[in-house]
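The same subunit A turns up in both complexes below, where it pairs with subunit B and then with subunit C.
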Partner chain A sequence: MKDRRLMLFEVARGTAAILLALLVATIFIFLCSDEPMTALRYLLIGPIIKDSGGFNTMSFYTILAAMIPTIFTGLATCVMFSAGQFNLASEGGAMAGGFVAALCGIYIQMNTGLHAVVCVVIAAIVCGLIMLIPALLKVKLGASEMVTSLMLNYIIMYIVLHFLNYNFADRSKGSTQTYPFAETAQIPALVPGGSKLSWGFVVALVFVVIIALFMYRTRWGYAIRMIGINKSFASYSGMKVGGVIVLSQVIGGLLSGLGGSIEVLGRYTTFLWKELPGYGWTGITIAILAKNNPIFVPFAAFFIAYLNKGCSLMATYSDVPAEMIDIIQAAIFLFFAAEQFLARYRQKIVVRNTQADLAKLETVKGGETQ
Partner chain B sequence: MPQNEFVVQMVGITKVYPNGIAANRDVDFNVRGGEIHALMGENGAGKSTLMKMLFGLEQPTEGKIIVNGETVRLTSPTVAISKGIGMVHQHFMLVPSLTVAENIVLGMAPTKGMFIDYKKAVEITEEYSKRYNLLVEPDKRVMDIPVGMKQKVEILKALVRGAKILILDEPTAVLTTQETEELFRELIHLKEQGYTIIFISHKLNEIKQITDRITIMRAGKSMGVYNTAEISKEEISRLMVGRDVVLAVQKDKAEPKETVLQVRGLTYTNEWNKKMLDGVSFSVRQGEILGVAGVEGNGQGELVEMLFNLNRPDAGSATVNGQEIIGMPQDKLRALGVSLIPEDRMTYGIAGAATIEENLISDRIDQKRFNKGPLFNMKAIHAESEQLIKDFAVLCKSHQQKVQMLSGGNIQKVVVAREFSSNPKLIIADQPTRGIDVGATEFIRNKLVELSRAGAAVLLVSADLNEVMELSDSLIVMCGGKIAAYFEDTSTLTDAVMGEYMLGLKSQSDEEIRRVCHEG
Partner chain C sequence: MSQLWEMIFQSEFLFSVIRITAPILFAALGAAIAERAGLTNMGLEGMMMISALFGTLTSYWTQSWIIGVLCALLVGLVLSLMVGFFALKLKTDIILAGIAVNMLGSGGTIFLLYMFTGMRGNTGALVSENILIPTVHIPLIQDIPVLGDILSGHSVLTYLAFLFVLLMWVLLYKTPVGLSIRAVGENEHAAESVGIKVRRIQYTALAISGSLAGLGGAFMSMYYSQGWNSGMVAGRGFIALAAQAMGQGEPVGTMLSSLLFGLAQALRTKVSALQGASSYLVSVIPYVATVLGLVIYAAATIRRVKKARRTKHVAAPVEEKE
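Our next item is the complex of A and B:
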């Protein structure tokens, strides 16, 4: 019973963090807007309710489409963070994945159906291999994966830009972009219309299930989680700590590569990213919101996508700038990450439980001596 | 201020950590001005927690702290220092690349314009050094000075910051005998100048030598305060370890068979250049329990670390059934049938935030019976964990409960359940019942005997004399990293005899000790 009380407390703490963050956002909106009620309306219900009052299906699909890459980067971050590896390179991974998949889509000739799959698989493998860099540096040399992966993001970005500019650019176009992918490489849309909701969404949900099973129903996922909780315990138990740390980051790379490649092949017809796409950063937010549990990732991704959509609507139709999303995200981060947030109340629960246990123990002892 | 007035009063202190462990329960602790006051107790008795609260590193859950007659809330070490309380930690808090003088003035350095006035820092250091007779070399870098001097630097650091009450956390643990003598002279000198010293230790001799009064703690509670002169060592040890609970373990006579563990010439010097193991050799045979007794810190912990590859020795070998195990990865060790109940169960024994079930299967997840293709066979895992919970009487609501929510005794039962159920050939049990309740203690002791009689070799390391003497078939005593004595038969041994070997007053001849190798 006491465990359930603590778990309920954790859920309540999460909800409170989100509500407080929205409250902070509301305060800012009231401070900087002349039409705060309009702004709030677009932020909170705009994404799914039409101005006329009905349910906005197309906008809803757009939100789902926006979840595709961030579900993957969120899963990638979950796996790596679960192993206690603060690897931030799913950002670069998504970009590299997108670029590799685009090249495969342009320069490999194949049949419809198979082509897209091959592109995505190659992209994922390349990203998995790239992630060996911070992983091996960590295991062999003890270099902080946080620093190396952060650096790696920019190395990947500039390498991609170099090849895009000098080797693969379509000179007939006004902006820097590759030649268009073969039609066989494009991921088909799931619903008609311009929502960009592709079959990638279904793949993303399948991967949520796969990764959840991997983390909670296989010995490798188990080892990843145990190492994240207590490395000394894991190695004393006989787990290969170094190998599992590398594994977790390679899987992180695979997933972020999947995210980037599916996004590029599902949304665009050419590769045209000229900076880091931001999906990796969002993935970190999602992993933190989901408490590293893959099952919660789609919900967190939906929440973030919804907020993003709300913010862009608010920026379009009211006088509040789109940067508000950063304030809301930062506030959620602060409240979520703050261990001490409501800690006093938690400590009260713990003290009460412990004292109840001790009292029980005393009565048991008393009974024995009698 | 009269001599006997209390400078520190801690009243009704209770501390519950966020993981639910009650480290202190209604503890009263009073220190008179100008005395050397010992705070004694076994590891885990709660003495460090109590001192952390006095130094502002932790806040009490209940109770109040009165310093110099004034009730204070010590929210941080800075506040504690401002109240005249200083602490010298067991592991030094110094910056190795800075000089002694720089370390001493760190954070309060005298400045000249924008820069640190280094000359002034040296002057301050020399002034305090002379006044308190704590000789240090101000210009040397801390990384180049010996341990004894580092400790003096720590004490000076506290004094320069105006400390009148000094807390020393096991100050002699890292010192050689000569350094210890020197430290004691300096402490007495400080006491003569009116300073109050709180001395945390569990070494009886040292306590008797320099302290005025003793507060003894056991299992988070205070066992009372005594004048050092009026209490015997035996009485202190009885209060510390609580031998009043005599647990009778039923045990048949051992019938040792082949040698399982053979240790030869293990030698290890630690990072503070102290020789923790000095040519240790012994053997453990099938079906016997070999006890390792000794005052803590005499190499027992290091011995266990070497045998389970948690550390590397400088020299020596250890074999299990003929196979060298020094440097062998833990999965191979476990495949050989070596089990370890680690001394520190929270660090090695469990993953606190994981469930009981996850903690029970950590050494056997690769076994076929728990896997179906790539996936876990959850049915088999649930069955295994439920069986273990039943067999080892772990008190819990379900196998899905987080292990950190259990009491110490039940956490230890989880560790023991895992380590004992893997069909071990050699069990290394390091302090298997430390800090846990009577019921769990009795249970674990009986299991150890049961397994040894069923044919396992058991190496039992324990600072609890009662435990090691009652459970062991034969035992060795460690002192200063060496085996000081070997007793083939424990049934006729007395505490007094053991004590003499443990404290290094006596030691057996090499021939007598060599018998534990069971050669020829």
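Our next item is the complex of A and C:
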């Protein structure tokens, strides 16, 4: 009963934070646009409502497709942040994963079905190994994983670009890209049409369940969450803190590698990223929105993908730049992660609950004495 | 290879090292002062981006570089106070608050630029000679043969950056405020128990941090790249965090590690001019240097601690560093 009241409060607070962020966005739109109503319309309902008024199925599918990589990076961030590890390298992990998977898709010959799986698995393992760098440096030497992972993003980006440009580029094309990967390596589409919604979406949802079970139903998941809450306590109660910290970051690496590779094999026919894809940062926003709970990740990912789509529509059909999305995301970040935002009301609920408990206790006692 | 050595031992190269170090130094000192008060200013990157933009814009509007620089400083300060408000008052994790500022820095600046001027991506068209930060030739030093070429002819802000190393040292070790900052950074509750106003000190440290980042931003857009563009800061705010970690929040140590990163960046420009070098692999140098620097520093610390423990024959528990 009282848990439900507190949970309702959490939901209300999250909604308030999001509304506040959208309010900030609206203010900016009114400040800079000559046609604010058009812009708002495209931002808020444009992604799923056609101009003629009907439900836009195609656009809905593209939103779902955009969720695929960010669900993975969101899950990766959930796991790492749950362990109290501010590892920000899922950005680079996604890029490395995409590149490795593309190479496997080009240079390994295999049957349909198996090929894509092998590419994705190799990519994930490579990224998991890459994440050992910040993890081991943290555990063995105490070097901040935040700084090393940030540097790692740039290192991965430049190394991938080096190999892309000097070793694997298809020189017959105008832009820098690899040769197309074998058809056997491509992840088939889930729905017909150009929405790019591939079977990767299903895989992503499966992984949401797997990670949720891992975090809440296994010993390791428990250890990860415990260490995030209180590292000293976990250590005193006999948990191998170092090992679990490494584990959490390796899982983060595996997941971000999966995200990048599935995205590349499902959406494109060659590897053509020339900068970090941005999925890592979006993944952080998603993890914040989901409060590090894997089950909420798909919803958060949907919300962000929806806003993204809305922003790009707004940029196309009105005079507001698409970078609006960054302002909205920053505002969500600030308010959503704020523990004390509306905390006074939370306090009131707690007080009322306690009073109710006390009253109940009184009546029980009263009943006993009579 | 010999070509490279020739390039490095030229005064022009060392001049460029100092020039490249300055913005990193500003941000790294900003990171250091916040860290000494126990706060990680993750948002340096974004603060530099935003203040760089406003620096260029106001200097264009007022046609005065001084007002531009001051405005950049002010923007950095306001942003850091915003981070402080969310982190200290509303209890947003300070790293997340910093990431939010970085988001504003990467996308929000493009948006703001469009909103104010209708331009997209860069301010190249606005910049003229008179609104850039002027360079100074120091009277006596510029006549010394080699040293003069290296040390003289930098921008006003470059000298200011290195002056701030001294000022920061004085602030931290010779003033009551500095003592309070260090006390708060060591142990918030202990500091509070002796009557230090913890919140006020934390806000002060953040404000200094943001102002320094603002100056770094002004340096970037109003001198270094002569105009604002969206890829301008390129991770310098993050490198600054690494420099701070390596210098362990000591002003002089932070300066030395900043110089190391400046050296790595300058090297990258030089090597990429060589024939046959992959510009991408060369671009990795500063970031790899950062990681290596951190590793070497961390390993040295651990050895020092072990040695100290062995000599003292006490098994003092080593607090794990976050």
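As a convention for this text, the second predicted complex is superposed on the first by the 342 of 370 C-alpha atoms of A that agree within 3 Å, B and C clash if a C-alpha of one lies under 4 Å from a C-alpha of the other, contacts with A are read in each partner's own complex, and residues count from 1 in each chain.
We adopt the following convention: contacts are C-beta pairs under 8 Å (C-beta built on N, C-alpha and C of every residue); 3 or more make two chains touch, one makes a residue touch a chain.
In this text, all values refer to a predicted model and were calculated from it rather than measured experimentally.
Once the two complexes are overlaid on the shared chain, A:P180 sits clear of subunit B and of subunit C alike. Of the two partner chains placed around the shared chain by superposition, neither subunit B nor subunit C is touched by A:G14. After overlaying the two complexes on the shared chain, residue contacts for A:Q329 are found with subunit C alone; subunit B is out of touch. In the overlay built on the shared chain, the residue A:F28 is in contact with subunit C alone; subunit B does not reach it. In the superposed model, A:H162 makes contact with subunit C only, not with subunit B. Counting the residues of subunit A that each partner touches, subunit B and subunit C differ, and the larger count belongs to C. Contact with subunit B, but none with subunit C, is seen for A:R219 once the two complexes are overlaid on the shared chain. Judged by the document's definition of touching, subunit A residues 343 lie at the interface with subunit B and also at the interface with subunit C. Interface of subunit B with subunit A (complex): residues 16, 18-22, 25, 61, 308, 310, 329-331, 333-334, 340, 342, 347-354, 358, 362-363, 365-366, 370-371, 374-376, 378, 397, 401-402, 405, 407, 437-438.
Of all the residues in subunit A, the ones that touch subunit C in their complex are 28, 31-32, 86, 133, 137, 141-144, 146-148, 150-152, 154-155, 158-159, 161-162, 165-166, 231, 281, 284, 288, 321, 323-327, 329-331, 333-335, 337-341, 343.
Remark: subunit A residues 1-3, 6, 213, 217-219, 222-223, 225-226, 229-230, 232-240, 343, 346-347, 350-351, 353-355, 357-358, 361, 365 touch subunit B in the complex. Put simply, subunit C touches subunit A in their complex at residues 40, 42, 86, 89-93, 95-97, 99-101, 103-104, 106-108, 110-111, 114-115, 120, 235, 238-239, 241-242, 245, 278, 280-281, 283-284, 287-288, 290-291, 294-295, 297-299, 301-302, 320-322.
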